[in-house]
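Some structures to go through are shown next.
Below, subunit A partners subunit B and then partners subunit C, in two separate complexes.
Our next item is the complex of A and B:
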């Protein structure tokens, strides 16, 4: 799974790069507009190490933001799973806020909190929180009648058991959504860094942009892609391990 | 112990035709009773109404001595995170361990207690589900196709064991198996298709218990009576 993610990214990246080089060739553009392969390789050798640390910096904020989002989404999703007034209110609010481009709120956050770590973390969390919340709400609010019936009929149903049943029955969906939200959190962090932060790969991309250094940007995109592919692959592998451990009997096969 | 319906009517929201219309019947003693009829005549709807509306003030369902009504059906599943044996242990009330052991033996489920529910065959799944209901406290247990996909010989063994173990309880067995219903049930509520406008009938089954001798003539007569009503 991890390797599949990486080679899928490499295919997409190479296709994109080939398109750019094709445009350069057809329109006979200079290296200043679209750099050639030698310039890209030369830039990669020069900036790769620095960019790699920048991406790790961004990734650390992304992971922290994602963890906060997951905890919040599960807390609110579990609280809002009932079709009570509060549950309906949470669902309607989540749907409406999710429809709004959260990244547009970034300037307000930077004005209020300054351009430090907290602003980046907040934007990363907010961007992946609402899609996660909607998925968790969808899972937690949908009864698994064929399993829950017995517990309800015999008076054994507790909220913890209800959550466990629904999470177990939708484990694939939840792990996919969590892995997918990593991209959102990463995008949120990069955008935040691009707008006003003073660290991270988004900040480095902004500097490269102001210097019209497309080769630098291409190198940054490559490192971001590889790192996020590895991170997502690890999340998916972790999800698979949880599924295998929870679903299959000891020493047995996953059905 | 009494289960009675007097003019019960039910129409699903958004539907114009009543699925149950003016249903009247009475079952007055513990034992194995049945609801029989073709698909779509309202057997499951009736079962769900019995569970949800019995003893409600405006209900047309009257009961006495049936404080705890349970409804089990054949598509139920056990959670998949632990083995079926562990699950049975967890839902088995204290003091019923011996009964659980006997039922597992009669239902022939001993070899699959370490397996997860999804690893069982459909017949095994239904038997496993039924055991956990039989371990609970109940006065009336509705078995909606609860022995579907179980082979005929084992089904007979199970029904006879249930009758022997729970003589003080009332069972309402929903099945499409005419021979089984006529053989082992006492009161059979036969629901016919609405287009035939026959309504519902109560027919007496043979109510055979463990060690029975089949009276072929009487058994045929019971089956014919059910067929005629349906």
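Our next item is the complex of A and C:
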């Protein structure tokens, strides 16, 4: 899973780069518009180490933001699953807040909270949280009638059991959404850093943009891609292990 | 009757076609050009807006679309890609582009004095010599040309990194207003006016720290085009540049202030009238510092110094011989 993620990213990155270099060749553009391979390699040698630390900085905020989002999404999703009014209210609210572009909200957040860690974390969580919430709410609010009916009829249904049944029946969907939300959290953190923070890879990309340094941006994209691929691959592997454990508990066979 | 009706229809069709082709041929006589600015429409581009609005371009047979700029919209890249015919770029952009092989030519230097300066409160000791920067908390835009200028000033002053505190700044002025940062980088004729006004309402007065007062002349915005345009269409450059610089001369004439402010207001509705008036006054001093200065004049020494600074700061790999790329308004 992990290696597949990495080589898939490498294929996409190389195709994109080849496309750019093709345009450069056909239109005979200078290195200022699209950098050539020697300039990209020279830039990579110069900035890679710094950018790698920046990406780890961003990733640390991403992971924390994603964990907070997951906890909040599950908490709200589980609480909101019963009441149809609360459930629909949360859904409408999530859709509405999602509709606000983060670039419009980010300046308000930065003015109120400054350009430190908390602002980046909040923006990362916001971007990641609402899609997660909608998925969790969708899963938790949909009864698995065939199974739940038995427990309800025998009077053994408890809320914990209900949540377990619904999570178990939709495990693939939930793990896919959680793994996918890593990209959203990373994108959110980078956007936050790009707009106003003073740290992270988004901030470095902004500096490269100020200096019209497309080679630097391409190097940053490469490192971001590799790191996020590894992180997503790890999440997917973890999801697979959870699924395996749940489907084959206590030494039982995997169905 | 039928023949008569058909004849009328035929005549009407022919007349319509005639009008269409005539208007098309008139249109064909007009040269369409795209002009990409460096930043958003505001008072600091009053001359550009004035030229388009008051028909300076159409008077010489040009149809020019003046487009706003932004950090993402780089005029030099658009020249190379063919999206723009002329543009506005700062000296550091021009020199960096030349360093990477771009074919760009400077036609006129708009700002004779760089608007990029630093603002600080007058309750602090005035900066009369560079060593007065010692112990100050200075804001800089990391990656921006103010970082390059400040580093040059610090190197010139002999101050070491630990003698001052440098902090990265962004779009909101909160750290300066909250007195967390002492000296804040601003564009004198836009943000500088706004901040000065804001602080004066609180009973505070300010100073501006101008690097050129301390011998650092970093050139700001200039009008640029591609080498291809210079080679293939010098006639178009002559028309465009002539019209544009005439418009700038008119826009910077205090006698036309009301008309200029009216035109700017059409494009920049969000800024208060009194602020725009002050911004125009500030812009005038930067574009035409005195009556004898002709708008667009090239300060070759300042260009060379800008190149040297960038070379010393490691922003370009080798000299680009910038003076060879300064065409100037009289070259066409």
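Here is the rule we go by: the second predicted complex is superposed on the first by the 244 of 255 C-alpha atoms of A that agree within 3 Å, B and C clash if a C-alpha of one lies under 4 Å from a C-alpha of the other, contacts with A are read in each partner's own complex, and residues count from 1 in each chain.
Everything that follows uses one rule, which is that a contact is a pair of C-beta atoms (placed from the backbone, for glycine too) under 8 Å apart; a residue touches a chain by one contact, two chains touch by 3 or more.
It should be emphasised that the depicted structure is a prediction, and the values quoted were computed from it without experimental measurement.
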On the A-aligned overlay, A:39 touches which partner chain: subunit B = first, subunit C = second, or both, or neither? second
Classify the contacts of A:85 with the two partner chains as first (subunit B alone), second (subunit C alone), both, or neither. neither
May I ask you to name which of subunit B and subunit C touches more residues of subunit A? C
First, second, both or neither for A:27, with subunit B first and subunit C second: second
For a test of understanding, state which residues of subunit B touch subunit A in their complex under the given definition. 51, 70-73, 75-81, 83, 91, 114-116, 118-119, 129, 132-133, 136
Would you mind writing out the residues of subunit C in touch with subunit A in their complex? 71-72, 74, 76-77, 80-81, 93, 96-97, 100-103, 141-144, 167-168, 170-172, 174, 315
Residues of subunit A defined as touching subunit C within the complex: 27, 29-33, 35, 39, 107, 110-111, 114-115, 195-196, 198, 203, 206-212
Of all residues in subunit A, which touch subunit B in the complex? 146-147, 149-150, 153-154, 156, 164-165, 168, 246-249, 252, 255
